[in-house]
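As written, the chain order gives the labels A, B, C and D, with residue 1 at the start of each chain.
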Amino acid sequence: MQYAAYVLIQLLVIIMLAPLLDGIIRKIKAFSQKRTGIPLLQVYYDLLKLLRKTSVVSEESTWVYKIAPYIVFSTSIAAALLVPVTTKIMPGTLPGDIILLISILGLGRFFTMLAALDTASMFGGMGSSREAMVSILIEPSVLVSLFMVGLISKSTSLPQIMQAMKGIGAPLTYPVFVMIFLAFLIIIIAESSRIPVDDPSTHLELTMVHEAMMLEYSGRHLAIMELGAMIKQLVLITLLVNILIPHDQLIAVTGIGALVVSIFIYVAKVITVTIIIAIAEVCTVKLRFFSIPNLATLSFILLFLGFLQYFILGGSNV
Amino acid sequence: MGFVLLAAPIIAVLLFLFCSKRTLQHTVSVLTSTVLLITAVFITRGVLLWGKIEYQALGGIFYVDSLSIIVLDIVLIISFLVSIYSVSYMENEIKNEKIAPGKLKIFYVLKYSFIFTMILALTVKNMGIMWIAIEATTLASAFLVSFYSNRYALEAAWKYIIICSVGIALALLGIIFLHLSSIEVLHGSQYLDWPALCENAKLLNPSVVRLAFIFILVGFGTKAGLAPMHTWLPDAHSQAPSPVSALLSGVLLNSAMYGIIRTVAIVNRNLGSNAYVGRLLIAVGVLSIATAAIFIITQRDYKRLLAYSSIEHMGIIAVAVGVFTPLSIFGALLHMINHSFTKSMLFLSSGRVLQKYSTKDISKTKGVLRVIPITGTAFLLGLFAIAGTPPFSVFASKLNIAISIFEIGGFWLGAIFLLLLAVVFVGIALNLFRIFYGQDYVQDKKTSTPSAESNFAGIAVIMVLLTIISITGIFIPYELKELVLNAQNIIIGS
Amino acid sequence: MEALSIRSMFQVSIMFYVIAAVISLVFIKKQRLCNTASNLICAAGSVFGMSASILKIFSEESLIAIHIFQSSIPFISADIKIDNLSAFFVLSLSILVFCVSLYSIGYISTYVGKRNVGLFNFLYSTFILSMFFVMTSGNAVFFLLAWEAMALISYFLVVYEGEYEENQAAGTLYIIMTHVGTVFLMIGLMLVFSHTKSFDIFGSSVGIPILAKNIIFILFLVGFGAKAGVIPLHIWLPYAHPAAPSNVSALMSGVMIKTAVYGIFRFIFFFLGAAHIWWGITIVILGVLSTVLGVAYAYIMSDMKKTLAYSSIENIGIIFIGLGVSFIALAQGNLMVGSLATVAALLHTFNHSLFKGSLFLGVGSIQYSTHTKNIEKLGGLIKKMPITALFVLGGAISISSIVPFNGFIGEWFVLQSLFANIVSGKAILNLLSIISAAALALAGALAIATFVKLYGISFLGLPRSEHALQAKEVPVIMNIGVGIPVVLCLIIGVFPMLLLRVADKVVFDLLGVSLFGQLKGGLMIVYHPLKIPGSVISPAAALIALTIIAVLAMLVIRVIGGKYIERRYGTWDCGFEALNSRMQYSGEAFSNPIKIVFRMLFRPSNELRAVGGSTYFPESLEYVTEFELIFEKYIYNPAVYLMQLFSNRAKVKIQAGSIHSYLIYIFVTLIVLMTYNRFA
Amino acid sequence: MFSYFDVLSVQILFSSFILMANKRIKSYIKTFRIQSLLIALTAGAMGFSLEKGRIDLLVVCLLIIVLKVILIPNMLEKTYASVEYIVEKDFILNIPILVILSCALVVFSYFSVSTIEGINSGIINAQIVNSMSVILIGLFFMISRKKAIGQIVGFLVVENGLYVTALFSTHGLPFIVDLGVFIDVLTAVVIMGFMVFNISEKFDSIDIEKLNKLRG
């Protein structure tokens, strides 16, 4: 019963919230350019519209091309199921941990990249190759950051990590968590294809990464591909906010009310982080492709310093 | 019975001098070898029964014990196989106009004198006569080395005869000193008799014995191809006709090593410990292996490569004798046998390659496995065998020797020993493996007469040797084991 | 009674392999018959091997000893002793042999009439036999014999197509490296012998002093490392595995290099014991190097079999990390982490043999129907060879350690053991562990990219050459051979407990600790009860969730979007109106970014060459990219060069041809020895 | 005791110094004749002087005279005459240096023999040192001469030295051994002489420095 409730809440919140973040970012970018911009909910409309449109499928493509969107979408959702949006309602044990999370996201990426190659388009290969590079560079940081929080909370299971973090109270007052926070911001930017790593709003072959892979997609396939990407972005942000900025320990009320309050605070936190990402996107320009390693290295160094602080230099009194 | 061994080759030599038909010469050669082989079987049985065979005739010089029968059997078996191989080989050489038809007679005369001297060296108990016989092997084989009478062969033969004569002369000095050390112990008729010396070893003058050992080591070491006295060996073995190379590498080196082993037995009994002899032998042995390793790494001539490998194996035997434990002596004797068979097989195979390609240059030889598949396979397997890869026999003896080294706690020695062997393997693999593969490249189509391919006798000989070395890698007959164990007792003293 | 039957099953298995070898020689003239018969017999033998080893693992019998042969030569004997560890490796061998033998029936038929098939089958079956003996030998000399025989036979298999220059070179390099490695092993075993006076593998190492133990450890590590292809001793592997026929490559990559892992388990882990932390640290460092560099090289190769070979190096690296962690933990007395890491190493060993076997066989199928293994000449094969494509996709996912295949299970265990090791470890070890974890993550991402490239470029898109255009689906028997391991990968990936129970038995045999005894959650849940509370994953649940979500998503979309309407149209070609295969991204281009990012490692160089015509008006342009293999270029080549230089110099100096100098040698030797005599 | 043996041994040693100092091939052969004669004298003297009288030593004395004083040197001279030869420097170092090094060899052989227990008592004495020096000098002579005939002479001097050593230390080897050694030496010299012919034919010279094609 609790399990079903958890899944339901999780799915609802994530699927509803994910497109909104894109809308927020677009709106902020428009403001910064002194434009009114599209409505906040335009992303939802786009998705619905796309779902109803005819799919144009490349003649060269095969079944890989068609199943890829579903796999990508379901991996994103599965990943979302592993990352609780609120710790107020959680089943006792979730059959998954951070390593599984990374692996599931890997499955999605595997098929995104394959599908891009399936159409025999030159852009597909380009996007796929670049995506490979970005993911290779950022992957160590992803694992190490999750490992570190896991190590501090002595578990690799996400609910347990969140419980432990609630116990710490305000993790961001400790240097190690600040490092992880900053590193994770970079990870989110890289993984969700945002400036300065990638420009989601361009279709210029010199710069696009994620968009290049999706270039051939249309109709419902494109819709769920896009939605999948948005959900992945939200999952990452959720990870960040729920681990490093836990809030459930502050809620005094109990029962259903607590749940509602908790989710509200969660949404607020997510939006805040989204705004930060948007501001970062506004303030920077896209990096030259071969400067991305510097950014990735930066995140890894942050983590490494954090690790040194906490595990080696004896700062382990969190 | 024993005198058949000595008489048969002499009779053969005389017969060769009087018969001029080539088929007849071949027949005589094969027959003589067969007679020798059969005699060897009987003598071996005798030795197994009685431990040793001694005749009183001719001043009682004929003496065969387990140690000499091992080396003697190697000589006779290999010379038998080589005789069969030579028939077609020499016919091919004549057909290819490498040698004049008339020279076949000289070849056989020299070959049987050579065999005679080796038999003599192994069947006498007087060390002086043994020395004479070993010196005579040089003289008999010198013209075999220069058999092709081209500039290279002549150069090799000159170096061979000069260096070996000088070396052997030093061995005589050693024997004189041995005699000197025993002069107050033995009686006139026992002078230089090995059994007498061995029996009374404790009574000899140790300082003279030590000096004697040095000269004998240098002297017989020269003949056995131990570094740094090995310099004649690669030249001679590579320039000689392949059947002769097989005899030189497979048999002659053993005879010289046999002389060293006999001396070591006396010296160690006399000095009461192995320290003095062991250090020298191990140093010389390791130096030989190292030298061979260095030279094999960049060798461009496959017969020279095989010659250097002989130096390596003599080094291994020297090390094993130097270690001087029952196990190491067992390994050394086994290694002597295994090396002889393997190396003869390799030289015989290389002879067929040489006849096919008319070049000893590795880079000009390609596709051996395609051109002569059976010989090629045997050659390749033989290379693995000689490098000490199981299941071939050299591995078994190498293993025993290595174990014996480690058993006496010689970690560094053992490690260096095994690593140097690995370097030799690397050299062989780097240089020689490439001749087997690739497109066939026969330099001169004329020389590749079809008869070279249909040399069944030659192939059969090679296959027999291959079978022997494969089987003895995992199993040796109990008779042989008994012989080797007896010989081990003779050397070490039970 | 039961033990007896297990023993006889092992014997039957051996007999079958022997019969297969004999049959292939007897019917050497009737190639087709000989091929089918000997492969079927090998498959039958492997079935016995499989069942025997499973029965052995779950039986109470602790050690099955079979004495085959005692030679009259001292120390040489053939003793078989099978404990759970041996049985585990035999199981892995037998499963792969079963698949590969079936596959070979089809694959080798291309050689009929062109090559000596009988010889191939003889080598093939003896190769299996030699690996079997390596894994089951009861004394060290027999182990060495089998080990060397394995090297020798596999050398002949590598040079089976010896007419190509590169295959001979590969064979030579292989045999040299493996022989040198064996020498190190031999020295190590001799050193053991000199202290224990015994070659019994199951003996005790108590009598060996600690210094000797350290030396032995290094010797064994070098010896087994060379066989396993651990960086920096890997240089033979990327040449030898591609050179062999694909079914042999599958066995070499899948099982033969694992014999080295077995060796480390048997001789270091089991015999010497984990004596020092630094042993583990060394192994982990080697593992990390191999993992990262191996997969990095795999990514940039355009020869598919080379990619797979380098990926084997990566996986050996992962196994080494697991092994190293268990050494570290055991040296500290931490049995639980130790057993966890041991399980990790064992699992990954087993898994790798399955997916690497299937991938090599899959690539073999590609080679079979297109006659090329160059990825730049392939493309669009998924349409021509749909079944092969499906299986290879499974293998590719599995090797990228992605759920729901088994590759993930092994890696999960390795990461968990690293994790557990940090929680309980010392500062410097923590650093090592976290770097290893980062390396594993990097390698994982690289592996995904590598196999996307391998699969995407060869199977998807448009055919890049005539070869690919002419491709046809391979015979069913070959597809069965490729398919079985993939299916097993999936089964183990979803129900890891099946394998974990087996591995747990082995670990219990080795360490006396059972992870399984404390496992809860039945067959579906991989649960490990270490101090990290609640680290629970369930691949089965993940698979179910993924399926349900996908189905639900389809339903929802059908509801919202209505009926699916599709319009087929050409891929966007930027208006050129003629999309052709040359416009696609090539494999080279695909991996180029990484080549540039890691230019420290690859040292790439590009050159644009004008071909034909004058310099200013060339007929065509040629873009050549090259990269350096740093270990070859900066370690091995200089070493070989120096050795040859030294040898050449020494040759000219020592053997200069002058008889005077030769006489001087004798003279000087004499004088030196006489001086020695004076002072001795 | 036998002081004239000491004198003879020193003279034999001295003859090898003279040999070392010779420049021409003809004079080597001459010196070799003289040395062999001295050895024959020694053997003869010993044969007469020893208590029982050793017939075998007298036979050996005759053999030496026939073989080493007459036959072999004649043969060498014949060989030398028949191969075309241009007079040129034949040695690799200066004669004085060679002689000084030979002196050093004498010192060295004393140095190495002096460890023997019971030196200068009984038959182990300075004669052995002298005769061992002859061997070493003979070997050194082979090293120092470039022409093939020089090497043969050197080899013969080594053999002489060996024989003298045997004579002085043990009053000769068993007779059959002695006989065998002589036959060997004779055969060796014949073979070497024959080879010199071949070499001079193929290489147009008997300079063995030119025999350096086989390397490595």
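Basically, contacts are C-beta pairs under 8 Å (C-beta built on N, C-alpha and C of every residue); 3 or more make two chains touch, one makes a residue touch a chain.
Nothing here was measured: the structure is a model prediction, and the numbers come from that model.
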*asked:* Using only Cα atoms to place each chain's centre, name the chain farthest from subunit C.
replied: D
_subunit C and subunit D, separation of their C-alpha mean positions in angstrom_ = 69
_As a quick test, compute the distance in whole Å between the mean CA positions of subunit A and subunit C._
35
*Please work out the Cα centroid separation of subunit A and subunit B, and write it as a whole number of Å.*
78
*Determine the centre-to-centre distance between subunit A and subunit D, using the mean Cα coordinates as centres, and give it in whole Å.*
98
*Which positions in subunit B touch two or more other chains at once?*
158-159, 162, 166, 170, 211, 234, 295, 298
_Two or more partner chains touched - positions in subunit A_ = none
_Can you list every residue of subunit C that touches 2 or more other chains, as numbers and ranges?_
648, 651, 655, 659, 663, 666, 670, 674, 677
_Interchain contacts (touch definition) - all pairs_ = A-C, B-C, B-D, C-D
_Which stretch or stretches of subunit D touch subunit C in the complex?_
92, 108, 111-112, 115, 136, 139-140, 142-143, 146, 151, 208-209, 211-216
*Report the residues of subunit C in contact with subunit B in the complex, numbered from low to high.*
69, 71-76, 141, 144-145, 148-149, 151-152, 159, 162-163, 165, 167-168, 171-172, 175-176, 179-180, 183, 186-187, 190-191, 193-194, 197, 215, 643-644, 646-648, 650-651, 654-655, 659, 661-663, 665-666, 668-670, 673-674, 676-677, 680
*Residues of subunit B touching subunit D in the complex*: 59, 61, 126, 128-129, 131-132, 135-136, 138-139, 142-143, 146, 149-152, 154-159, 161-162, 165-166, 169-170, 172-173, 176-177, 179-180, 183, 188, 191-192, 205-208, 211, 234-235, 238-239, 295, 298-300, 304
*Which of the residues in subunit D come into contact with subunit B in the complex?*
112-113, 115-118, 123-124, 132, 135, 139, 142, 148, 151, 155, 158-159, 162, 165-166, 169-170, 173-174, 176-177, 180-181, 183-184, 187-188, 191-192, 195, 198-199, 202-203, 208, 211-214, 216
*Quick one: in the complex, what on subunit C touches subunit D?*
648, 651-652, 655-660, 663-664, 666-667, 670-671, 674-675, 677-678
